[in-house]
Amino acid sequence: MSASTLRQSDVPEPGSPDPREPLISISNLGVRYDGGRRGRTVVAIENVDLDVYAGEFLTVLGPSGCGKTTMMNTVAGIVRATEGSVRVDGVPVTGPGPDRAVVFQDYALMPWRTVAANVRFGMEMQPRLRDRDADAQVREAIELVGLRGFENSYPRQLSGGMQQRVGLARALVAEPRIMLMDEPLGAVDALTREVMRGELERIIAATGKTVMFITHSIEEAILLGDRVAVFSSHPGSIAEVLEVELPRPRSERSAAADPRYVELRNHLWTLLETDARNAATEIR
Amino acid sequence: MSASTLRQSDVPEPGSPDPREPLISISNLGVRYDGGRRGRTVVAIENVDLDVYAGEFLTVLGPSGCGKTTMMNTVAGIVRATEGSVRVDGVPVTGPGPDRAVVFQDYALMPWRTVAANVRFGMEMQPRLRDRDADAQVREAIELVGLRGFENSYPRQLSGGMQQRVGLARALVAEPRIMLMDEPLGAVDALTREVMRGELERIIAATGKTVMFITHSIEEAILLGDRVAVFSSHPGSIAEVLEVELPRPRSERSAAADPRYVELRNHLWTLLETDARNAATEIR
Amino acid sequence: MDPDGRTIMTKARRTNRALPADAKWTAILGIAVVGIVAFWQLAVTRLELVPAAFLPPPTAVAAAFTELVTRAEFWSALLFSLQNLAIGLVAAVVVGVVAGLAVGWFPVLHFTVAPFLWLLYSTPKVALAPLFILVLGLGNSSKIALVFLLAVFPILLNTMEGVETVSPSLVRAGRVFGFHGVALGAKIILPSTLPFSLAGIQRGAALGFTGAVLGEFLGGAGGLGHMLERAAFDFRMDEALAIVLVMVVIANGLLLAISGARRRWAPWYSGSVSAVS
Amino acid sequence: MTTPPTSNATGLAARLARLDRKHKALVFGGEVVLFLAVWQVVVGQWRLVNATFFPPPLSVLDGLVDLVSSGTLTEHALTSVQSWVTGFALAAAIGIPLGLLMGSSLPVDRIVGPLAWTIYATPMLAYQPLSKAWFGFGTGPVVFLVVIAAVFPILLNVSAGIRTTNPSLISAGRVYGGSRFQLYRKVLLPSTVAFLFAGLRQAAVMATIGMIAAELTGSSTGMGALIMRTSNTYNTAQSFAAIGLVVLWSVAMTQLISGLGRWWAPWTRTGGRS
Amino acid sequence: APEPRTPVDLGQGEPGPAEDTQITLAIPFPDVTMHSMYAVGTELGHYAEEGLSVEVITADNVAAAVSSGSADVGVESAGSVIEAIRGGVEVDALSGHFCRQNFDFATQPGVTAIDQLNGTNVVLAGTSGDPAEFQRALALREAGWDLDSVDAEIVYPGPDSATWREFFVTDRVSLIPFYGDDRPALEEYGAEIIVESLQNWPNDLQIAGSGWLAENPNSAVRFLRATMKAAEYIVAPGAGHIPANKDSVLDIYEKHGFDVADLRVQNGPWVLDGHLTCPNLYFGEEAWNTTIETQKLQPLDFAAHVDLAYLERAQGLLGIGNDVPSELTYP
């Protein structure tokens, strides 16, 4: 199966992006980490090809340790490709840039900054943003993620879900074209998760960003994504890319009744089952 | 709604326990934690009534911070009831005892012990078990949870799912009548989770324990439980107890097609939705 | 791009860094040490930045050192000091760890005793020397006592702080599986705290050695401290520095041995523990 | 059964745990008074230890009064405070930047680290003659030894702080456009603050010890010289008074630094005990 | 006035039989002259004849060492002994140790007048509070070098004169006291020797623990007798005469681990520091009062605190009296 093909769809949906001009273009990407404990080289990902189109919400699904974060970090410019290349708008990525913002799996909030100050962090080092009315923008972003009233709280005073929303607001004020989100709902309990998923959909729709969103959860991948990229491990590479044709807004309850949802879900299960079984008995 | 009523079922299923003689009987239980930072008293749970029958698999479902762990810890005897009582076989609980073992949410394995030594920990302090062939028992338990070959590994060398199975084996060698399991699959990714759920069902069936199993996940509560106790928060108490009538073995894929599963799931969603929304905007 | 920022990142991620690179760093360190020693030699003999009487050049120290190690007197003095150090250290470790566990564990002790321990710790023990002689005399017991006194506080205070980091869930697990009292202490609290105790023991050992030397300065007629005192008294700085060199080697040897022990006995602990000094 | 470590425990321990700062200080003050009373009775009344070598608190108080009224104390204390503050400031000025460098540059860490540990492990008395040869008499060698004693706790703690900075925070800093300098200022430095203050606290104790060790020989002023002179002339009451003041200084400085740390870095305030 | 002490009754004739006693003797610093009498007494068998063996140790605080029983006998400066006795430390003054002191001072080349010391560092003693400081200042003042009249900082480089000498020859200090063994280096450096005098001073005393003394009266007397014999062996014959036993004494020192190469080539009469010692280990009320006076101590009654019976008995056995030392002067 070749990567970056659109399955179950030949006619682009209305409003779907032009397949000939990807915003992010990952080609033949490989990352090796060398010098682990005993100088052992780890091939994290290999031969990854993936295109992400402007305005698209792409979810990336895969078992633990398959290299999802590594791939995203090369797009973000904080991990260097050892092979192949990542281009954004045709320009090779050589480091972080103001066009890309990251929402980190572990939030990565500064414990010494209040919510407002953490959000401001997203823009304070960018000359092009500094001249504008920073306070107003920060306030707006905080409102957008529903944290009004918590501006002066410290991260440790917030629940995991709230901290993640601070991370989201921080990414938003940076005004990137691309949002890279690494399992942002990984640490949130299932009930809160549903709520946050809805909010995320709303915010992204409101701002029109291109999103690459990593997740462990099949449901989440389907419910959020315009397309789902499935990773396989050893070494990590893209196994398949699927188009999700469910109408929006989607909720877990409404989707569960849709046969297309059930079919997609079963297909993804089958794809991942072997990997999951391996992962369960493998030393991390 | 009164607690500890069995809904949707008047006739006990074959093999289901006698409702008149609960093994664990929690009545009017209340726990206050006093003396946080500023001497503020936290009422964690209040007026909790719940009966668990011998041989039963009871799942406890509820949003974060509602007091599930607190209730379980009073049953385990490591948190003291400030009101009401917990009885096991009619005898009030005053501390931990060899009839109850706990599988902890965060594994609580000793990082300085190997897998085998961690498992042996479960029996080390029990004279009645120590005299028997400890090694053989440990080996057997490790085999049961599918960790043969990892006897001499240290916890940090194992994945989360494997560590949780060590915790399970440790609880098993203690030969308790009651297994108290606090979100044992909380830290495991969704794919691995499905695999482990099946194994858990198999092990419990093989050993015939009475189980109280805490979870965040509605699917898990339904798939594993003979009954589901739903907690509501502020302050924590039992909102409802539901009987699950699906045939075993259950898998997520097969169950999803069962209308009874879907109905139960929707009912639980409705029950929890308000709480979930509250939890998402509340300071932890 | 920020290649340096990248180094920070990867380095921070893996605190236990790779081994093969070690050889390279050891070589560079060796070169640095040789450079320093060469500069020292030049500074004294050529540039005359400091009179040789106060800081003899490395060649003189080396000569004194080779002369020193041929003397039987030196070896018996070394043995004498090491014996006191060993006894005092063992006592400090036992008392420091046990008392540290107790004070860390029992809130009553923690609130009543801990402030005193900090107070005692910051008292310059040197100033209490006559009291020592009076109470313990000038025999081995006063030297052992000084080793003990200097070593015990870092061990005790580190252990105490370590106890506070013991995971409550491990304690709960212990209690659920029937451990309480001393068994709980031995099987859960002690191993959990071990990395902290070892960090304290590391610092305590170095300080304890200073204690042994100090005790020999206080009085008596044996040990490296006594030899050092005699050398310093005649202003034979080359020999004095050679003895200090021996002391540094011993202190660092102890440090290395203990961090080896730490890797061996507490391999599960990879993070850094900052020692109370 | 042992008391469970959960905070719903009752009894003396729990009550003590709940005390606020002021009451904790009161409890501690009570203990100090009790300790002094026992000391007074054992030495002053029962005479179990020779009072010349271990004077009872009331004599020490007399000694203190003598020192103050004769005006000697002011001179010695001023000299010491001056050397201490100068030395401590220098140690911080050297230790913090070098620690930052050590924490963020592998070569510096690999070369300075072992040397720093070696010098740290060397008994302070080895530096005594050297310090006088370089700095003569007076406060010079005292400042030198204060620096030597205080710089390593600062250096080693700061570098540990940098090295344990959460790598995600560094990634976040880079993603949001931080230059190298900005990374230092906005990420590495703030996250090292807790370590820095821990180092400064340890350094305050070490600096005091270094100061006394240096002043015991050398110049004629300073608290160490005062202790030496009074104990050489068997004025042990005065000498204990001087020791007591030195301990008080050391404790006051560590408290001051802790307080500063709490004020400067409110996010590091830990809950629970201590 | 306080009651005078009643002297112990030590009987007549030879002291009691030799008791095979081991005596631990504490000196304040490991200096060759401090060791001298005891090393010589041991090597010549004087202590063995008395059934004694003497082990010399150093102690940072000799009075504390003796009163705690760590040492049986100790050597401590007279002023400290008086203060310790006043403080209730249980030690007894047994006898003198050195009965004279040399007050020799050197200044930097070209420094010949007191006002040249303005703004410099001067050494009078090794550590702050050392009683010798007062005596040296006094001796300097008597020689026209009143340090109070200039603005010179008094510094304390550490206990031994070798250290002072090194600071002096590296021009860190402008004035130091010195001893015989420092002289060659100072002369080579070109130092001005501004004062040279030898005075009768109760320099150091031998002290013993009160308890030990009461239990071992015979051994105390025997110890003093043997020590006097040793002192006699090294004592200076007088100005201009090289000590007859120089070589054998230096051999003994060498055997005890001291580097005597410098002393061997010296040919002065005071090479063994024998001029500091009196063969009768003189000590008495006059010495006591001199100490109190010159060191500005509070008066303390001699008769109430000191029992000279042991010393006088040992002197009597050797047929010498407790005579005040004769005046000795440098040639």
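Brief remarks on what is shown
Each chain carries a letter (A, B, C, D and E) given by its place in the written order, and its residues are counted from 1.
The rule is simple: contacts are C-beta pairs under 8 Å (C-beta built on N, C-alpha and C of every residue); 3 or more make two chains touch, one makes a residue touch a chain.
The UniProt protein names, listed by chain, are A, B = NitT/TauT family transport system ATP-binding protein; C, D = NitT/TauT family transport system permease protein.
Bear in mind the structure is a predicted one, so any value in this text is a computation, not a measurement.
Path length between chain B and chain C in the chain contact graph, taken as the least number of steps between touching chains: 1.
Distance from chain A peaks, on a Cα-centroid basis, for E.
For the pairs C-D and D-E, the count of C-beta pairs in contact is higher at C-D.
Rounded to a whole number, the gap between the C-alpha centres of chain B and chain E is 84 angstrom.
Chain D and chain E have Cα centroids lying 41 Å from one another.
A separation of 49 Å divides the Cα centre of chain A from that of chain C.
Computed centre separation for the pair chain A/chain B is 33 angstrom, with centres defined by C-alpha atoms.
Counting only residues that touch two or more partner chains, chain E has 61, 64, 67, 158, 163, 170. Multi-chain contact residues of chain C (touching two or more other chains): 2, 9, 51, 53-54, 130, 134-135, 175, 217, 232.
Multi-chain contact residues, meaning those touching two or more other chains, occur in chain D at positions 1, 4, 6, 14, 17, 50, 53, 129, 132-133, 166, 171, 174, 178-179, 216, 231, 236. For chain E in complex with chain D, the touching residues are 61, 63-64, 67, 79-80, 83-84, 86-90, 121, 126-131, 153-158, 163, 167, 170, 172-173.
Within the complex formed with chain B, the residues of chain C that make contact are 167, 169-170, 172-173, 175-179, 183, 187-188, 191-192, 194, 266-269.
Residues 73, 76-78, 95-96, 98, 100-102, 104, 106-108, 110-113, 121-123, 125-126, 154, 156, 170, 174 of chain A are the ones that touch chain D when the two sit in their complex.
Contact residues of chain D toward chain E in the complex are 50-53, 128-129, 132-133, 136-138, 216-220, 225, 228-234, 236.
Partner chain B is touched in their complex by these residues of chain A: 63-64, 146, 150, 153, 157-162, 189-192, 194-196, 216-219, 253, 256, 262, 266, 269, 272-273, 275-277, 279-284.
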